[in-house]
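Some structures to go through are shown next.
Heads up, the next two complexes both have chain A, just with different partners, chain B and then chain C.
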Partner chain A sequence: MASKPIEDTADWVGTRLPRKEDLRLMTGGGKFLSDMVLPGMLHAVFVRSEYAHARIKGIDKSEAVAMPGVVAVYTGADIEHAFKALDIPVLIPNLPAQFPKYHALAVDKVRYHGEPVALVIARDKYVAEDASELVIVDYDELPVVIDAEAALEDGAPRVHDDSKDNEIFAMTFTGGETPEEQAANDVEVEKIFAEADVVVSERFKVHRTGVTPLEPRGVLCEWNESDGLTAYITTQRPHIDRLALVDVLELPAEKVRVIAPRDMGGGFGIKAPFYRENIIIAHAAMELGRPVCWVESRYESLMNIGQERDQINYMEIAATKDGELLALRNRGIGNNGAGCIGVYWGFVMPFLGAVEMPNAYTWPKGDVKLRVASTNKTSLTPSRAFGNFPTRFAIERSIDIVAHKIGMEPAELRRKNIIPQLPYTSITGEYYDSGDFLGVWDNLMAQIDLEAFRKEQAEARKEGRYIGIGFSCGVELSGVASDLMVPMENQPGYGAASVRLEPRGKVYVFGGDAPSGQGHETATAQAVAAIFGIDPDDIVVTTGDTTTTPFGSGSIGARFGSYYVSAVAKACEEIKDKITRILAHDLQIEAHKQHFEFKNGDIVYLGDPTKRKAFKDMVERIIMWPINLPEGEVGGLETTAFFEADKPMICFNADCCMVEVNEESGAFNITRWVTSEDVGNVINPTIVEGQMHGALVQGLSNTMFEEFVYDELGQQMSADFEHYKLATAADVPDFEITYSSTPCPHTPLGTRGIGEGRPSSVPGALTNAVCDALTPFGIEITELPLRPNTVWRKIQESKS
Partner chain B sequence: MFPAKIEKYVRPQSIAEALAALGEFEEGDAMFLAGGQSAMQAIKSRMLRPECIVDLQNISELKGIDAAAGGLRIGAMTRYVEIAQSAALNGAFAALADAAARVGDRQVRNRGTIGGSVCWNYMASCMPAVVLGTNGTMNLTAANGGERSIAADDFFLGPLETAREDTEILTSVSWDAPVSKTGSAYKKWGLVTDALPVVGVCVRVSVGGDGTCSDARVSISGLAGGGERAPAAETALLGSDGSTAAIAKAMDAAAEAADTHSDMSADADYRRQLIRNLGREVAASAFARART
Partner chain C sequence: MPTINVTVNGERYEETVPERLLLSDFLRERLSLTGTHIGCTYEGVCGACTIHLDGEAVKSCLMLAVQADGHAITTIEGLRDGSLTPLQAAFKANHALQCGFCTPGILMNMTEFLEKNPNPTDEEIRHGLVGNLCRCTGYVHIVKAVREAAQSTTR
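On to the complex of A and B.
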């Protein structure tokens, strides 16, 4: 990092420092799970279910076991009693649900196409895969249920034998805590609808889509009697994985260490759950006394993880003829799949999607209910925009449909109903701490000339050209406070970091949350460099090892800019306190931290700038020569800090999309995309904008291209990239990213966590733009994916 | 995704050596590898389990573009990138460059070959349909050195099936010199940029002295049966003046007659619409190229 774009170390926060990670990542120097080789390491391949729902009558593994090079073959019967099932408390949220019992390998029956049935362990991957073909599973096919609404009907095939029905989770999010309060609320809402000038009522459907990180999952476990189990897992939350391994395998807690590799090729949520594959690999490593490694294939990955959304929302909005929103009513139906993943169980995502449904609008009243159905699909897994992609699409489309009904400009209707002042608590009880929503909105509108666009649109229509403009906005969680994390995931929300100074003035930072490419090393170093007035090169960031890092709930839910970096800052400030106490003593002055400035490698007494000391010298003095200290002080500079905000925090964005639709083919071309962001104080604009770019691309790709497809027998038809289509650089427009930032008052650096929920603003803005272009045809699109084929069909229907 | 055991891998320097290497194994147990952009995926997923791979990439006599005397011969191991960038491929042969420039991504175009594509004959692929639409001829050599040539109409038998015997090597694809002013063009549509074709249309037309169409071939890629000709469109174009109206009529006929299917990429009706839209653009371009 030769380039030093700044002269004052205080400016490290806010500068476009090239990422510290990139040199190794861009030159093949990254060290990923697959790069690890341990002496005597064995390789594992899973045999996975060919059916979506079938009884396992028997498994013949004799031929596989006999193959030269095969070390072991495990089936469900082998492990059913060897260790616990995965419905253990640390993996169960504090939400009322029918949690199905399941084991690391399917026992008795399979519940989706791709479920792990057996595990083959051999000397290399080739032999393991050869042998996996020789494991003969005798299945008895069972009736399959794929559709969520069908799954909730009486008499539907039951996905989980130990559940009374397929409704894994249901909840009312509005009106109060008790059924009586909620029922009374529903009556009041019904009254508003009965008397409203305008009611919009639509069925919105969002397909199954999600995320596909470059690096799929992987686990490498080794065991020895003295150190116990070391598990290298591609995971966003090593500390939770550690607890799950301890509890399922019933190991002494001090005997389990989890390490998330420093370099991981993306997570986007899918590396947040605890997966059953981890358990069986750990068990095998312990039993065989040799390291065992499993690296997921792309085929397995596309069949098992990254699948989210898949939800129907029956949404109704009551409004006045002047465009004042009066009430929101929604009946959501989520398609959970089999739900066999720890921490999330599928339904936690639709749960949060329902909580976040009201978005940035003032709703006097609401009636929001959700039912989530178990089906014979793979479980929903967390996928960036966690839960709110379907609900945000529904609400943002509904707003436009209201506007069309009353003949109001959709942008104007939004502005009229955007929450004018914060803090605010939504009808579903979500707390919005701070920000200036209208400021962000007005900044967006200032980037475009809506009036000119409307004129151009009218002119274009005369020539038979159809251009359109669409808007959306989004409140996203900025980290997840303990208030929400404890009920939702049975884990704390605080951020934690250890900061250790070494005698030459360099700084080590240890974090329990494991990043997967976001640039945490860089942004952490910038924050620390600014606080201590030193260079980011002097800071080493270590993440993901449960033995050396403090407990953290993981790199999830935009926790970096909100909770994690705040804990880092807090730890640094505590160390600064100690340094300045000792320095004041050495200088024989009466002074406190605020009387010193840490700048350009020096600590300067503001009352007399000739009184100063080099930072590194002062650090060495405190660590190496702890004599002549103030009374009560001891040497050493290291601390661990925990940060919990007083209140849950949010960030906010607004999007504008412009399109031109080809009437003949239904193809739509995105001609402009403008955003307005309130991301608080920015540590590194390049990283923040990278988050926005990535999120917008993901949102577009989810909206237009990606779709996990199952046939009527539950066979997965999209388990390769020929069929699961991802956007390429050529498929997305340039994004104009603008800011209207308000510093977060609850974090020490004024930063907000950003980027997690960001993709969910995309489908609404894009679909609104396409419908706006096609206003002459009266087209309202309520289903995704949005593709030329669909648009073309709608135009044909409108014409006939 | 790891391949089943491969006993032998060879990289011969000549066609004769390649055929000899193939002959060391039972018929069907050894296979030729061209650019490997489809075959390696099939091998890794174990759809193909060759005992021996005969890699053709070092055989220089299988490479190159020869446009002498108005005709064209493209060696089977010629890469897409070379076809896309060849100055020789204009007019009658421009469709080949249109297609090659949009196959997969840059990495695929740097490795994939015309011979590999036509011998694999994947349902959703461009080259077989373009060779069909431009009336190419496949030149094959058998193990005994015997040579035969098969016209595209007889070569492509259906998805993943061709008239090539397992023991034969495709040496080149060739085209006769056009008898009059001829132009061709190809365009496909897929959900994402440069994806496999959901539908593609290839048109080759010749124009006589009076400006009317004296010869027309139209083929469509991405159909359930792979690349197929569209005789209704050919008949409609023949003798026409190549006007917008004539082209529209021909492509309506092609769309009407096409046996389109519905799948996750597009429904059958939309595939017809794509044939109309792409066909009009492509035919107009082919006429324009014929007339320059």
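On to the complex of A and C.
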């Protein structure tokens, strides 16, 4: 998509505008949570469990308390009755599950290596760190269960004493609402499998990996009796965190304010849950009457959050010999870990992964079931591609395996089964509102010459070189409608924004969803600038302060381009209505909004372009001189708008990856990566491409490098960046991002929310390419991570 | 407690510091130069704390403040003199940053990189970046910005 020249201010939408955020961030002027200092601020350090599963017999904190500079030490026993446990309604989704009770600090027992056990607060962070090592915890070790399938067996060690077993969540996603309907459906599916030409049946395993923003978490709380609690939290969802603090600490709602710092160093989902650390830091600040700050260390971060995926899928596909997909059957087993995180409890991610499993293909029938097991790992936390990564890998690999079985080109099999027309409701009940999947697919194929590649591949094989091509595609949520958000997370899905004009014609926008690097300030300003016909520099965007912004469920699930910016547009249009009503009255003409153009700082009457007024003058007139107004009008220009789409919305993409595999070592190189995107109308293509690059590299890094490793005792072996390897610049390729976009018909600007689910297309495309390269060996890889050693082993197995 | 003399962004400081105080904490907490970031908590892997010590890019979390005694330091706050440097301008023009947490360290590292290698290949740029982790951008736009800055200054 070429950049549009800025001929007039209506062109701000669609322009590659450099970001408003960049100047401060490039010059050391960003203000991140750990940059904040308040007078009298104390520093907190957590003591965390050394065991994956152990009874706490006692804690001796006397030495730590006695250390000079230490102000307080809290243990589970100190806080157990001071405030509520974290199983409060605002943190509980409307899904049937065994929700474990847990406190801010472990009370009776620890359930994973790294769980918070005590909190040390001191005047100096070095002293707090020293004192934390003097807290002596007496543990009685308990049997540990790390494997999800083992956890679901009878007699497995029970992770939560208050649950009847380790099955935290189980659900059937197909066949109807009642067990009878579902059972009848299962019989029909079984019949299809029994009669099908081809059946593919594989066990797909995806390891534990996820997202690790470069800025870890942090909380800074201050308290005074008149204003109450102010909590600065690295959070994507300040309004939800505020409600949780109100409910757990049982404070009057007007006494709690949460502020997400304007600058946050990435989130990718991990800053979306409500965390127990927030509660104890707030409690300490209130009790001590001084600001208390906790900044998470990388070690703590890698042990506690950013862990997702970790799922086994027993997937079966029935197809005809001509490559028509007939039915999908899946038994998913998710490894939840201990699940002690508010809102998500771990299993909400695998839940959504199961909902989204059918992807872009027409399945006449399906039988999709999921079980999620509590284990002695840390909880799954939301990670970009929310729940989707393991199921998308399984589906996209299965499609290729079907193609290999019937001797069909995998690209052709995909095209044959891609949903030809939207809207469409999937076998799991997911509604796909709009788009042109085949258009996106055909655009991808137009970027590559598949026939030429196959010829080159055949030639290369003669020389002993193995090159391969792999495909995948992905339906991703574009925001999450209340229809899904209320049942899933007990929260609304609408977008909300306040737009306030000040007398000199400048515009302030306030949003409750807190961004963490996605360029929301810039994209919001571009949308507002286009609507009012003014310059993006005249727009100031404020996010994340619960006192000044309208309620929003947070920066999650690609809500910006779908819900949030739509609310901004709606608010701007309401203000335009008022401006034009008053302007028509001033000009003594019969005219409505559609008769005026807002352009290049002017408001022009289209019926007679000599009748015009400068935007800023008109704004000043309405705010400062509210006399001689039309009957019933008052002065002032400010409104809050809420946007809810009639239907859930999606975006769509297709990917192609080319590789060369070294048959001797198993090493593989990505030689080309091309994408085709339906991202709706684009506000800023450069920002969209940045989102895609980042998501693709996260996907590659998850697929090839990153892995959270636990030993058999549940000890975490990967809690630093030496052991938890992230992709560096030298590890990853360049990407060709291409577009085949359709405007979303349900949003005012035709935009779609993009980028959230995007990493999930990566493991399928890459692994398919590697397997395609190795077709002569008949290799089908069904487990991640995908590394040279696994590829090498597969080649050896095939040779022997 | 020892006393150190350091020049930071052209300003001279005489400060008494505990022996164990990390240079990164000295800069952030004592001098309030919070543009130097801590991403991997003192492992020296993420590169967000990169500064210039006598003109050389170093990771400030792997040094003690006392080791900086007698040296001159430049942090991200002192990188530009008035207008943006060509590298900063290229970062803005090419959307080479998203959350901006890794950006100060990358700018410090690649400024020195371009001084030593004013005309790098893409592969050299990518290898020059391995000491800096970025989680948002996928590195594509960073590589492009460094290439463009090199071209604009060698032209």
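Criterion: the second predicted complex is superposed on the first by the 795 of 800 C-alpha atoms of A that agree within 3 Å, B and C clash if a C-alpha of one lies under 4 Å from a C-alpha of the other, contacts with A are read in each partner's own complex, and residues count from 1 in each chain.
Going forward, contacts are C-beta pairs under 8 Å (C-beta built on N, C-alpha and C of every residue); 3 or more make two chains touch, one makes a residue touch a chain.
This structure is a prediction, so every number in the text was calculated from the model and none was measured.
Engineer: Just to be sure I read the superposition right, which of the two partners does A:Y299 touch: chain B = first, chain C = second, or both, or neither?
Structural biologist: In the superposition, A:Y299 touches chain B and chain C alike.
Engineer: Which of the two, chain B or chain C, is in touch with more residues of chain A?
Structural biologist: The partner making contact with more of chain A's residues is C.
Engineer: Using the touch definition from the top, say if A:G334 reaches chain B (first), chain C (second), both or neither.
Structural biologist: neither
Engineer: For A:S665, decide between first (touching chain B), second (touching chain C), both and neither.
Structural biologist: After superposing on A, A:S665 lies in contact with chain B but is clear of chain C.
Engineer: Let me test your reading of the model: by the given contact rule, A:M704 touches which partner, first (chain B), second (chain C), both or neither?
Structural biologist: first
Engineer: If you stack the two complexes on chain A, which partner ends up touching A:T728: first (chain B), second (chain C), both, or neither?
Structural biologist: both
Engineer: In the superposed arrangement, does A:W792 touch chain B (first), chain C (second), both or neither?
Structural biologist: It touches chain B, and chain C stays clear.
Engineer: Thinking of the overlay built on chain A, is A:G714 touched by chain B (first), by chain C (second), by both, or by neither?
Structural biologist: Neither partner.
Engineer: Give one of first, second, both or neither to describe whether A:I687 is in contact with chain B, with chain C, with both, or with none.
Structural biologist: second
Engineer: When the two structures are overlaid on chain A, which partner does A:Y126 contact: first (chain B), second (chain C), both, or neither?
Structural biologist: The answer is both, since A:Y126 touches chain B and chain C.
Engineer: Overlap the chain B and chain C contact sets on chain A and report the shared residues.
Structural biologist: The overlap between the chain B and chain C interfaces on chain A comprises residues 126, 297-299, 722, 726, 728, 730.
Engineer: Given the complex with chain B, which residues does chain A contribute to the contact?
Structural biologist: 125-126, 129-130, 133, 297-299, 664-666, 704-705, 707, 709, 717-718, 722-723, 725-728, 730-731, 787-789, 792-793
Engineer: Touching chain A in the complex: which residues of chain C?
Structural biologist: Touch residues, chain C against chain A: 18, 20-21, 28-29, 32-41, 43, 45-46, 48, 75-77, 79-80, 84, 88, 91-95, 97-104, 107, 123, 125-127, 129-130, 132-143.
Engineer: Along chain A, where are the residues that touch chain C in the complex?
Structural biologist: Touch list, chain A to chain C: 18-19, 21-32, 34-35, 37, 126, 211-216, 263-266, 268, 297-299, 516-519, 686-687, 689-690, 692-698, 720-722, 726, 728-730, 732, 734-735.
Engineer: Taking the complex as given, what residues does chain B use to touch chain A?
Structural biologist: 1-5, 45-46, 105, 191-196, 264, 266-267, 269-270, 273-274, 277
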